[in-house]
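Paired with subunit B in one complex and with subunit C in the other, subunit A is shared by the two complexes that follow.
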Partner chain A sequence: MSDTPMEAAPFAEKAPDAPVRVLSEGLASWLLVSPLAILLAIFLVIPISVIVTVSFWGYNEWDFYPDFTFENYEYLLTSAVTFDTYVKTFSYVLMAWAFTAAIGFAVAYFLAFHVRSTVWQVALFLVCTVPFWTSNIIRMISWIPFLGRNGLANEVLLQAGLIETPLEFLLFSDFAVVLAFVHLYTLFMVVPIFNSMMRIDRSLIEAARDNGASPFQILTNVILPLSKPGLMIGSIFVVTLVMGDFITVRFMSGSQSASVGRIIQNEIALLQYPAAAASAVVLLITVLIMIAVMLRLVDIRKEL
Partner chain B sequence: MDRTETKGVSRRALLKGTAAVGAAAVGSGVIGAPMIWAQNIKDVTLRQFGTGVSNLNEVAEKVKEDLGFTLQMTALDSDSVTQRAATQPKSFDIADIEYWICKKVWGAGNLQAMDVSRIENYDKIVGIFKSGKLTPESTIAQGTAPHSVGFVPEPGARAFADEQTNWMTLIPTIYNADTLGIRPDLIGRPINNWSELLNPEFKGKASILDISAIGIMDMAMVCESMGEIQYGDKGNMTQEEIDKTIAIFIEAKRAGQFRAFWKSFDESVNLMASGEVVIQSMWSPAITAVKSKGIPCVYQPLEEGYRSWGGGLGLSANLSGLELDAAYEYINWYLSGWVGGFLMRQGYYSAVPETSKLFMSENEWGYWFEGKEATEVITNPQGSPMAQVGEVRDGGSFEERMGRVACWNAVMDENKYMVRKWNEFIAA
Partner chain C sequence: MSQDATLELVALTKRYGDALAVDRIDLKVASGAYCCLLGPSGCGKSTTLRMIAGHESASDGDVMLGGKRVTGLPPARRGTSMMFQSYALFPHLSIADNVAFSLKMKGVARAERLARAAEMLALVDMTAFADRLPAQLSGGQQQRVALARSLITRPQALLLDEPLSALDPFLRVRMRGELKKIQRELGLTFVHVTHSQDEALALADLVVVMNAGRIEQAAPAREVFGAPRTEFVARFIGGHNVVDDGSGPVAVRADRIAVMKGGMGLPATVRDIEYLGATVSVALQADQLGELTAVLPDGRFFADPVAPGEQVMLAWKPEDAHRLAA
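Entry: the complex of A and B
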């Protein structure tokens, strides 16, 4: 708040005749906060309250009706399916996170420290975003003919004499799912990590070098800790996207794997809205806990 | 300027109106029944939704031509169709749904029963939809047989009638007998039983559809064929039967029997055409689509018989007055033959084959309905060739195919339980 008068001052000097209206501080903060508060209330708080409410309702073949039953949660929390799908989803999250973080960090490091000219940095950064010009689904589906039994990848390997029979695990497998996730979401890591790295004071690196640190020590002791906020923001993106995904898992596993998102999608398709709402609430809580833990590890606000 | 434009518009509207009346006159001539046309019927717009199978733009165009009013088509997958019929009654006038979906959503009260006395060709509708029997001797197949959910005792009733009444829930439109699709070139030997789906010979090359209500029936056909389970009624399994069925398939899945599961029509086409899968549950137009790419694909008749499905048109409970009259006109027109011929030339069956015959050539009728050799190249309505001279239809004639239905697509009493077990199968 204290910044506002300072910034407003030059403006007032340029137009001295304009009447300056001073709102009482209380009213001003109410007005400033209300647009966001109203938006959040309409598009976040109300929908989530509806979902929570419906999750306690009952349902039959064609209808769902107000009720107060714990049946949806009871089934959800005791079913082996839920346990299996969460284990599966977590394993996707873990793998997708590890690969996107490693690749994202490497790409950002290259952009920030190896490319010296700003023009090239911007140009190469834009190149990274090129895949985003086509839709998510197209980028994912184009893997299917490529990885198939008679696809390009297998044909090349067969002709090169590296394999004798087509590799079956390339498509409709966990490998394919993780590959698609990494392809789709690495940029969400590159951008924030690159941003963090660009803020690192170059003199810190020189100081480390002057003090005899090896390039590896500089990486682990200087650059990595200072890139942590970016890494964490990217991780939040990747973790939440993968936790809620249903379409990538469906297409790349050939519908053979279940993720939490797919279970919810199935329940909606079968008109079991209350069950879907209960699943959504549990998923929401899980994701919130995960993010809370991640925020504990790095204080993003302090380090931004 | 203003005046001329107004004039122009009204003149055009007048011309259009005359054309519609003319078309109506022609249409009524073809159907051979007198129709009383309200002048404003051309302003009526009926909104129909259903699966892609019969929601074809050609039909809407022909309706405009023959009847003068507008039919808006929305094509959805079967889950979305169920959802809309059950939860959004105001969003449609005509529901093109399957009989098992009707069983599921009729209780929601969003559809109104139809007065049979207003259906001109009712007497010519095949027996499957009325008494449940194709011929007086045939036995009724398991599952949700169309006639069992085809009638209600009186308008407004939420429960189905046991026999034919004057009030029909759905007017049957198309139906077919489904079986497994195979790639004969990649299998290289005869396939005669449903149990082949789980034959380890096809490990990693089999697929089944991931729509629980239909997939469970294909599973049951397989388990019964393997001799593992004897079902009381495949269309209405007990919890124990569901458990056993799913257990057999979970075991197969873990052993790597399946390459993928499919949910939409095009997925099944791609799996088959790319050679990822050589044997799978399939729908008849998907076979056609694979064949039209020049890839051999057979809709294999199997000893245990077919899993069958049927669809029909239902009227929204909100329809009344002129719109309701238009809807009845539309239904009478639907059964009068043109649509039937159009759909039969794609491999489906029409509810009133007699009238469809009038819109098919002798060669087409012989090939599609009577199971005879094609005497000329058979093409689909879009003109691409479907069969060469001398070829016969997979499975033979109408009686041979529809007479060997083992069970109908169904909703079970244990549906909720079944869906949960299905999720276990997918998550396994």
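Entry: the complex of A and C
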């Protein structure tokens, strides 16, 4: 293709005085790419560059100042607190992931394979999204009157005679934190797994039955392997959300438990921006490594 | 595999609510025969096959295989194996694992099941592809794999649901030959669903023409083509003219109609000429009987050709006119 205005020719007879202007191909491509490129630059590249830059700055009790020091990282990476917090955060991730994956898979399986009519499928799917009509914080806080020492759960159990003293672990505990995570993020598992399952050719299930597979064998040998891409996309959502969370951990643990996100939040509250930036960079790298490992395990490309 | 594999359907019925998909059909397919269920879409042929396979429950009636009633059994315990229209190969498993799938389900050790899968792949000439994934194979290759996966279960009857419809015409003819060859070699009963008359005539020992949930005619291929029982069969199988000779409809094969430029016969006008290679198809408008088609060998046609618009006389022997049931 040349840069000459080719389209001009057919119109030449009708409007000889108004040649059609044609952008050069190079310019056209740049213009097409630019909206996304500009958005990414403003909302992704620049903020992250700022964070990375600030993470090398110095700070004291009342001020922070441009510098190029590795002290923030040195302190962060040698502190026992950092290590403990990461272990704690990983344990939250692992538990939240295991429960959301199990529940998400079960719900998606039910929707995709047991609900026969499309109308019911859509209806039940929408029911799954009902909790999302209100904000994260409200969904989280609404657990408190339910789980508290004098909450609904304890009252019911006491009256049913199943327990004699109120259960303490229900609220402001790791149990409460994981429960809230599962409640908040299970839908992020259901949607991609359901999507994967709906793409499974139903004749594969019949073929498996024809080859003597029991319902459980069909599940483990056909449905589970073919749902893996969806499971992996959901896992990426859950892992990144839980890794970066600070608000759920704070509310549901009653400020008794730490997570990486809460450390960053505290550092910001203390105006220790360089320390917070260094923590954020380390967290970002950790999450990216986790995603890279997960993508290695399952090829999700065919799902996109 | 030389055990008795006679397939018998007894008053087999499938109802969906009030709609009758299959209406009390009776059929007996001899052990080791190649049977084609032929009919237009929605005639119940696929439902019948799926009831034989056990993927669809029968509303009424029975399926017998080798003298045993298998109506209520799960698909894998009937002695049947089904080959699906889209082949239904497991996309996440290699070809060898696909073929060995049923053995894995039975708990056969990996080494043994792969060895047996290799035997089956050799049978269908696909040994070289054992480690590939289904998506890396062409349609014809996938079909051979599907065949191997079915045969490894040692079925008495192989059920094929439009197995050739996803292939291009050239490959279709070739795979047709291979199916017939494997059926002959293994002596299995084949039930093959198709909507293509050519396929049914080329393959079947027993052609079963179905319409609206009923069997219109079940007979050897030559009998179905030579003496269609009903008007539906005559029209569906093709190559026939259905005319009313005054006492009811009769079928006359298009290649049994003589087209003459004079003499005694039915007067008609040539409407169109189609050259088909070995034969020439002549579309005619007969004065009393309406539209007819005559098919002539190309040699005979070109020895004395007719042209559109020309007046001709038609004739056929009395024994070539088959009286049709309603």
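Methods note: the second predicted complex is superposed on the first by the 271 of 304 C-alpha atoms of A that agree within 3 Å, B and C clash if a C-alpha of one lies under 4 Å from a C-alpha of the other, contacts with A are read in each partner's own complex, and residues count from 1 in each chain.
One rule holds in what follows: contacts are C-beta pairs under 8 Å (C-beta built on N, C-alpha and C of every residue); 3 or more make two chains touch, one makes a residue touch a chain.
Bear in mind the structure is a predicted one, so any value in this text is a computation, not a measurement.
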Note to self: For the combined arrangement obtained by superposing on subunit A, do subunit B and subunit C clash, or do they fit?
What the structure shows: fit
Note to self: Which partner chains sit in contact with A:49 here, subunit B, subunit C, both or neither? Use first/second/both/neither.
What the structure shows: neither
Check: Touching A:148 in the superposition: subunit B (first), subunit C (second), both, neither?
Finding: first
Notebook entry, point to check: After lining up the shared chain so the two structures overlap, which partner does A:203 touch, if you call subunit B first and subunit C second: first, second, both or neither?
Noted result: second
Check: In the superposed arrangement, which partner chain does A:134 touch: subunit B (first), subunit C (second), both, or neither?
Finding: neither
Check: Is A:212 contacted by the first partner subunit B, the second partner subunit C, both or neither?
Finding: second
Next item on the list: State whether subunit B or subunit C is in contact with more residues of subunit A in the superposed arrangement.
Entry: B
Notebook entry, point to check: Taking the superposition as given, does A:226 touch the first partner, subunit B, the second, subunit C, both, or neither?
Noted result: second
Next item on the list: Taking the superposition as given, tell me the minimum C-alpha spacing from subunit B to subunit C, whole angstrom.
Entry: 45
Checklist line | Complex interface listing, subunit B residues touching subunit A | finding: 79-80, 82-83, 86-87, 104-105, 107-108, 204, 207, 210, 212, 253, 258-263, 270-271, 274-276, 411, 415, 419-420, 423-424, 426-428
Checklist line | subunit A residues touching subunit B - in the complex, by the definition given at the top | finding: 61-63, 75, 79-81, 84-85, 88, 144-145, 148-151, 168, 171-172, 250, 253-258, 262-263, 266, 269-272
Note to self: Looking at the complex, which residues from subunit A come into contact with subunit C?
What the structure shows: 201, 203-204, 206-214, 217, 221-222, 225-226
Notebook entry, point to check: For subunit C, which residues count as touching subunit A in their complex?
Noted result: 53, 55, 74-77, 81-82, 84-86, 88-92, 101-102, 104-106, 149, 153
